[in-house]
């Protein structure tokens, strides 16, 4: 089932508009190409509406946030909303500074997001700020483990319903939910935490999956998360004794490039709740 | 003949000033080092004149264009013009937004470029906007193929003559012309379109070739294009069954690092019209 | 002795705040992860105080300097000073433009740096501008060699004493001094000069070593420099006949990832003066 989502990315070649940080931007561009999509990066207020109009999806990532870029994010988001393009928010660093937290909450007010992807801290920060956490996460730790899984799912589901969006809370276990159905995905490898930008890359790729599968956003987001985790496993298997995180980064993108729909169907490990 | 141009890059070690985008900037720096040149990246209006003065070539790339950077581009370009340094324009995304198209046309008015390198869409956008297309490209498709080659050459030649610059319209076939003589270069590999920044990298490297070969700009630009294409072939030959676009990107820069003048002379496939 | 410094990085996992350039930022993030630390990149004036407060070290790098970022550098530096976090300055390009030189001198006035790392030109520019060169370097060439070593050491020591900081003047021979004790480190490989950002990467990693070893800043800085040089050697040993500077860059970060404290102790080649 998830393989079909990848097949559509490779068939439709969606062009994705990225407003993103300068740390991981090159990896985001290359992973979009690897999965079958194409990237455009543009963040100047004077052109983002033009640019997003020729694309079929918009990825807004708050890494290395500049206050001057926020108006461009909002303009692009509103235009993408008008055009019916999927818009994804990656609230990088929400919770680490007031600027990031407040900006994320403002973006949630101004733009209708199709999907929000972050780690548990970022998602919790947004859920609380947007009044959608209802205390369910009071005793949650920072990592989603088997012990904290139920609470994490409730948090993600409540937030997803309140926003009308797919929420992808990724970590050791990835939770991807639209508020009524929830994928718990157990792909991935601990080596993924040794490279910068794994989350950013997943957000970019998830936007491509959403754009190529407009009628199935939940499955599209889940397929992207499973594909990323599976490629993290494949990249680890390829490592030699001299390889470290730099080679691993390359192997991960290489694995995304090589991944077939059949491999994704065979290798995805998830339960649907 | 083209190998001589590479030899001069390795002998003269030109220092190249780059005002470029944050997506592919690291690759541009590394490919400049790979071919024997050195990079400086600087785009603040307060220092670009100082920086370009200690360099021997200037590469202006419009990717991730910021309106605030345009004055720095113009200042640097004017100073480089005064100093007689070659200046190259890579009009990334001209045609994708009004801002990019108008900025490219403004740069063409303010700065005397030695070379302009882009894909067929970008070059056509500039040629039309600058009144140099004369309708010759009315029925051109977006890719330069054997069928559309003659029309593409006429477009590039007309534009080159109108600007007094070398025009490099690159794609499956690379057309490099000064308006009177034209190289059609048939190096390259389709894998090159699966990485981000191949065009940006070529522009950076072409600026180094121009700076190291001041008396032969057409041959210098053609040599850079042939070298890039040939290295794209060599990088493909090196790929293993697990390699994807991330490894390919590394192999491409590695091949530029290893390329000898003799290999370039032996491997370049072109006709001079 | 130096291995102990690495051991502390891997034990303490310091989170390092980087205000750095967009050319080499991804490599800086990945080398911090490789050595056992974690990176945050943030340069907006509206959040740098928040961000640096949750970190344990601050790395200020002047590459691709933007005038608009200088206030953020100063705010972050002052806050890090208040919190007692180590702050490192990498004055990239000091001496290449008045803006860079003046900005570096202003940062030296406003912020108390724990360490300053640069090449001989950058350090000399700062020492002169800050009135600490005393003419000792009048006949110094641009590279530190055996012939110029004594003069270079005197320059670094004088500057270190005047600033109350560790000064790391790196090149073929690395000089790391606090003004009273001086490490001369002879690790490294000429291949390191063929990649962009080796200096930036060392500065990021050195900040992590400083943060993880608060009671031994001189040894921490020396250990980082020796580790970088040793990994440059290991990366070279790994190169195959098709490898160039792109693969070398990956091998270098891989080697940092794999380096053990025991290997660092065994492989570091230095004299303490």
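Labels A, B and C are assigned to the chains in the order they are written; within every chain, residues are numbered from 1.
Simple rule for what comes next: contacts are C-beta pairs under 8 Å (C-beta built on N, C-alpha and C of every residue); 3 or more make two chains touch, one makes a residue touch a chain.
Computed from a predicted structure; not experimentally measured.
Enquirer: Quick one: label the inter-chain contact graph as line, ring, star, complete or other.
Expert: complete
Enquirer: List the interface residue numbers of chain A and of chain C, divide the shared ones by all numbers used, and answer same when the ratio is over half, different when under half.
Expert: different
Enquirer: Roughly how many whole angstrom separate the Cα centroids of chain A and chain C?
Expert: 34
Enquirer: Among the residues of chain C, pick out those that touch two or more other chains and give their numbers.
Expert: 22, 26, 249-250
Enquirer: Tell me, which parts of chain B touch chain A in their complex?
Expert: Contacts found on chain B: 21-24, 26-27, 63-67, 93, 96-100, 194-197, 242-247, 249-250.
Enquirer: Flag every residue of chain A that touches chain B in the complex, lowest number first.
Expert: Residues 22, 25-26, 29-30, 33-34, 39-44, 46-47, 50-51, 54, 238, 249-258 of chain A touch chain B in their complex.
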